[in-house]
């Protein structure tokens, strides 16, 4: 603490945000392991396929990150994904022309669900865990009440392009559109989190009062986080629906999987700590892990057990493992 | 250093040569302290002098690095507050250690519930609590009331009862009046006197000289972790005590006041401002001046600050900025009108501790202005230099900074939005002398730059030394205005509504 | 004080006298087939039943040819005169759940069937939402509510057996369909031929298509559901007999995305897959898309009678087969209930024919405009309200 | 800052003192029963006949057992997401150990509860010693149990003897014995929370862990204890379900969603999700409300999808009301 500040901010090193290091290390190990386990991973196409598969979860992780880092939970994303796919199928009903207005409508629906979650959380002071749990039940029921029990209609080819198809790039081969979309969202998320609003969102998770007294619109920003989470679920639904078509089970269990992913990325439940890149890396790590286990022919049961051990270990490492580190730093 | 006891009884606590270091900084060096039964021993000193640390060593929260603690004549080292408690030493914390949803009795016996036939003996617990409350003359509090429903002073009583319920022989009280209104302090006086009569030894930590002289029989002054003097109260005058505490002429710390020519037009004016806690507030702040706002704790100083800054806005009256009436209903609107508010609770309200220096310094700018609308470009490095921040870099998390540097970050985040009115509430609480001086210089520099500053402080010398004018509050109203450099006595006269003030 | 004591005592006595149990009587010598504890599929394999089902595939059904839901294979009729009762009737139905499209289509068909009959004054339904415990309560509650006949679609075979037994004991006719129970107390048990036939038919087709040494991937929904386990058990045998290489058997939980990912992984790992065997066709289209997306020709595939699969099959001329587990079986229990209440004979085990869709009869089961997860064998095409009611 | 006057209870405050969440819950339950009876009556049925009461109580039993445990965990400010899988696991351990032999009932029950306690102990240790957030710790445990269940079982297994099945089926009039046992357990939990030192510490830890620690309470022990108790309660629920089903079933807890549903019941019963406030009495009210809603909807022939919508809405509205009242009190 004898050093004074560097003269400008321009010389700052590229610094890994807190908690990003471990997850990236694990991810690297998994990717290398994948290369050994499956011949397909010896070339870019294999990794692109992995990214394509991971894209929906990674996008959900971005949305969930906003909510978690500002101190909340969003348990409604899984059923929101299902609802969006079912809504899309019913509204499009195989009509190519409908795609153009249905996609904005889906995004708006996601935003609306997020808005409701956010408003109830911030205005009615209901813990977000409960709000989004209630929303999970409501969405689960409402969408099938509307369609009479099972999905109806069909998705158009145009709707499915983003989730399913790709474009040719020299050297890389076919790059899926979803990977491109993912890349765009990653950039957008990183830019957002580096900007004022993003930093303020993290500060809310850390100390809400300081932001409030600092003139921040805490309620609005927290609501924004839920809206972004809702929109991310809509985008994930477009990708998942595009990837595999209509299904009534498409969002099952996604809410816990995405929270696992975000936590795996070192984002602290309760807010105020963690980076969006790490959250996405957590999602990719999880998907890479599933792919690896699958390639190794590990049975389904072991898969969830491994997932369980990993999240406990990751969080335990983050909270216990950091303590000696912390003391060293504070001297 | 130790003067002979006033009472002939042997001291119940003898602390000898106590030393303590935190992270290599010595906060206590070779401190001796005796506590006698039935005696109030005041421990005074500036913030950061080591009072709290010494008290926590007594209460078993910290272990001393050197020296010894004797209790009733035999060596005692306490590994935990529990052990100290068992030995008869209890502590009344400055911050309440109470559970709002539990009843008074449940709080008093928290962790030590009497058990009878396998279950908690509620009847006994409540009866004993009632008895303790009775013994202190507090009949207004029912042992069955949830603490949430009690007034702050009543909670303080509960804290004290909690401390007494362990059959304490020694009671350490840390700023027990900090949260109390003026008339509530009187209640506490009575309480302390009754405790004395029971033969309890009391270590009384306070920065309020009046209380010290009213209550104590002996005073120990700490300065920078070292004992300056330990004397019978009767042998000291307030003037002497202040000199012991400060150790040097206070004046040297404070920059020169504003010259007449430097004060400009009225920047902010409140007329007839009032809300639940305030009534009839009329005040003016001029560009370039520092106005001190004095008053006892609870007199409404912070309420004025919170009202001006939109946290708990005025419900009545008008507020004018540069002659134009404005409505300020939220911190956001205050900030957008150029009003900045350095709150007294740095950690709770000021900083996002796990975020970096940069993020904290930019917090207000980002939170209140979004894309920096209406603000010029910001040179963060220059800003941080201007507050003389010492940190590893803008990426360092603020929780790793010292209190003084944390306060500089708080100031920086407000300076980043170029305020025209700056309200500072206890700007030097809990920071060391060097940092204090830096804060003083910074505030004066800002005033020179044309900022109107309203400063609140419980430390009268500081307030007097810094202010170009002093406004004094009493029970939610402005009791009067004093010109630059008033005597403490003059301030206290207005603040207490009395004509005589014992403390300098 | 004394009075209070008396009251308490009286109340106690009353309570004791009211003690009772809803526990069904001990089945005693009933062939309580204890469920096994080991993993794997062997516990689900029953050689005799396997052979019986394979034979049943070729048996000629009795009953009207245009209404397969009224047909029965090798019926062994039982007398039901004891249940004869004048209408109008209250028919009750304890449903396991409506949590998948197959059950949705079936349930709608069943409601339509109930609407057809004026003798049915009320058709009461309790949905167990896939909870065994709730279904046990549901059955008990229906039994006590004056139903004239009780239809049960059990959620789990083993665990629902006692509840069905106690319903039988109450004297009302009980009709069980779809998944069975381990007791023969119901008047009739309605089901299509069964899982072995389903699995074997599909496997025979695939074996023929891929030939010896061909690679087949098995895609299953869930472990532990007996009907589904039978399908795979039969298929495994068939594949082993014909020398087909089974590259894997994976669970998809009926999720298209999961299924598609699994197939993509296998295509990466194996390079080529010649045939896809599915125990449930819900994800068939997604599976075929995995091949398309990998730039490969569609494999030989066995699916089911879902609309979207049949449509794709027709549009793209797939090499495909759809053994079915027909949803029209949801009509039969209502018909059976009324027969029983009229005192007419019904088969003790009412085995419905299990048509197989191949290229030759594909058009018959494909109705344009139906939802993607509609089932072609709903037997509902002639019912009032078709197709809107099913859309 | 504060007015020193002793606060005389204002009428609104007095009212709020009467309207404790627990009272509100039972008032709501009564209102629901009345409204339900009318609705069902309009359709020509009777809600609260013997069958109806039996239904509501039977339905409440398993959820009630889990929710009692969950209440204790939530009172400390934690939560337990592993109960659903644990219920399935316990039903299997119980049924397989009994294997139809009446002599094995006692050992099986003991073994099951010991296993459950072990899982709870792991949860508690991971939370307190490894300092893992309870949400993650118990989600992790849930996944591990799920993994075991998936790889080791493919369906119902084990067999409970008839003697044990009486637990699930015996009743006194319209009151199932198991429901009485559940209520007895609730009473025991109530006694523990309201009357014993351990219970006091549960509230203290949930109210403010720091204050509790400062007052000499071994907070880690309290947290571990509630997790063990919660797991044991889930174990009892598993045994009860095994006795109802006649065998163990791996997914019996998951299919019924007992993890989130138990949390919903606890919160519906007025316990604060953040801990420190609430209790078992409210929880039982919450459980009864959920079961009554179910029964009413069944009697009205409402689709399960509509039920979900109502459940979700009820949950949010109830907690919003509690939050308002609490906010008004401050």
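For reference, chains read A, B, C and D in written order, and residue numbers begin at 1 within each chain.
As a convention for this text, a contact is a pair of C-beta atoms (placed from the backbone, for glycine too) under 8 Å apart; a residue touches a chain by one contact, two chains touch by 3 or more.
In UniProt terms, the chains line up like this: A, D = Autoinducer 2 import system permease protein LsrD; B = Sugar ABC transporter ATP-binding protein; C = ABC transporter substrate-binding protein.
Quick caveat, the model's predicted, so the values are computed rather than measured.
**Student:** Look at all chain centres (mean of CA atoms) and spot the one farthest from the centre of subunit C.
**Tutor:** The chain lying farthest from subunit C is B.
**Student:** Applying the document's contact definition, name the chain pair with more C-beta pairs in contact, A-B or A-D.
**Tutor:** Looking at contacts between chains, A-D has the larger number.
**Student:** When the C-alpha atoms of subunit A and subunit B are each averaged to a single point, how far apart are the two points in Å?
**Tutor:** Result: the chain centres lie 45 Å from each other.
**Student:** Distance from the CA centroid of subunit B to that of subunit C, rounded to the nearest Å?
**Tutor:** Those two chain centres are 74 Å apart.
**Student:** Need the CA-centroid distance for the pair subunit A / subunit D, whole Å please.
**Tutor:** Subunit A and subunit D have C-alpha centres separated by 31 Å.
**Student:** Measure off the straight-line distance from the CA centroid of subunit A to the CA centroid of subunit C, and report it in whole Å.
**Tutor:** It comes to 38 Å between the two C-alpha centres.
**Student:** If I count partner chains per residue in subunit A, which residues reach a count of at least 2?
**Tutor:** In subunit A, 149, 300 touch at least two other chains.
**Student:** Which positions in subunit D touch two or more other chains at once?
**Tutor:** Where subunit D meets two or more other chains at a single residue, that happens at 150-152, 303-304, 307.
**Student:** When you check every pair of chains, which ones turn out to touch?
**Tutor:** Per the contact definition above, the touching pairs are A-B, A-C, A-D, B-D, C-D.
**Student:** What part of subunit D is in contact with subunit B in the complex they form?
**Tutor:** Against subunit B, subunit D makes touches at 1-7, 13, 191, 195-197, 199-201, 203-204, 207-208, 211-212, 214-217, 276-277, 329-330.
**Student:** Quick check: in the complex, which residue numbers of subunit D touch subunit C?
**Tutor:** It is residues 50-52, 54-55, 58-59, 62, 96, 100, 150-159, 162, 165-166, 168-173, 241, 244-247, 249-252, 255-256, 294, 298, 301, 303-304, 307 of subunit D that touch subunit C.
**Student:** Quick one: which bits of subunit A touch subunit C in the complex? Just the residue numbers, please.
**Tutor:** 38-40, 46, 49, 53, 89, 148-154, 164-165, 240, 243-250, 252, 291, 294-295, 297, 300
**Student:** Which of the residues in subunit A end up touching subunit B in this complex?
**Tutor:** Spelled out, the residues of subunit A in touch with subunit B are 1-9, 12, 15, 195-197, 199-200, 202-203, 206-207, 209-217, 272-273, 329-331.
**Student:** What does subunit B use to touch subunit A in their complex?
**Tutor:** That would be residues 23-24, 309, 311, 330-332, 334-336, 341, 343, 348-355, 358-360, 362-372, 380-381, 384-385, 389-395, 400, 402, 413 of subunit B.
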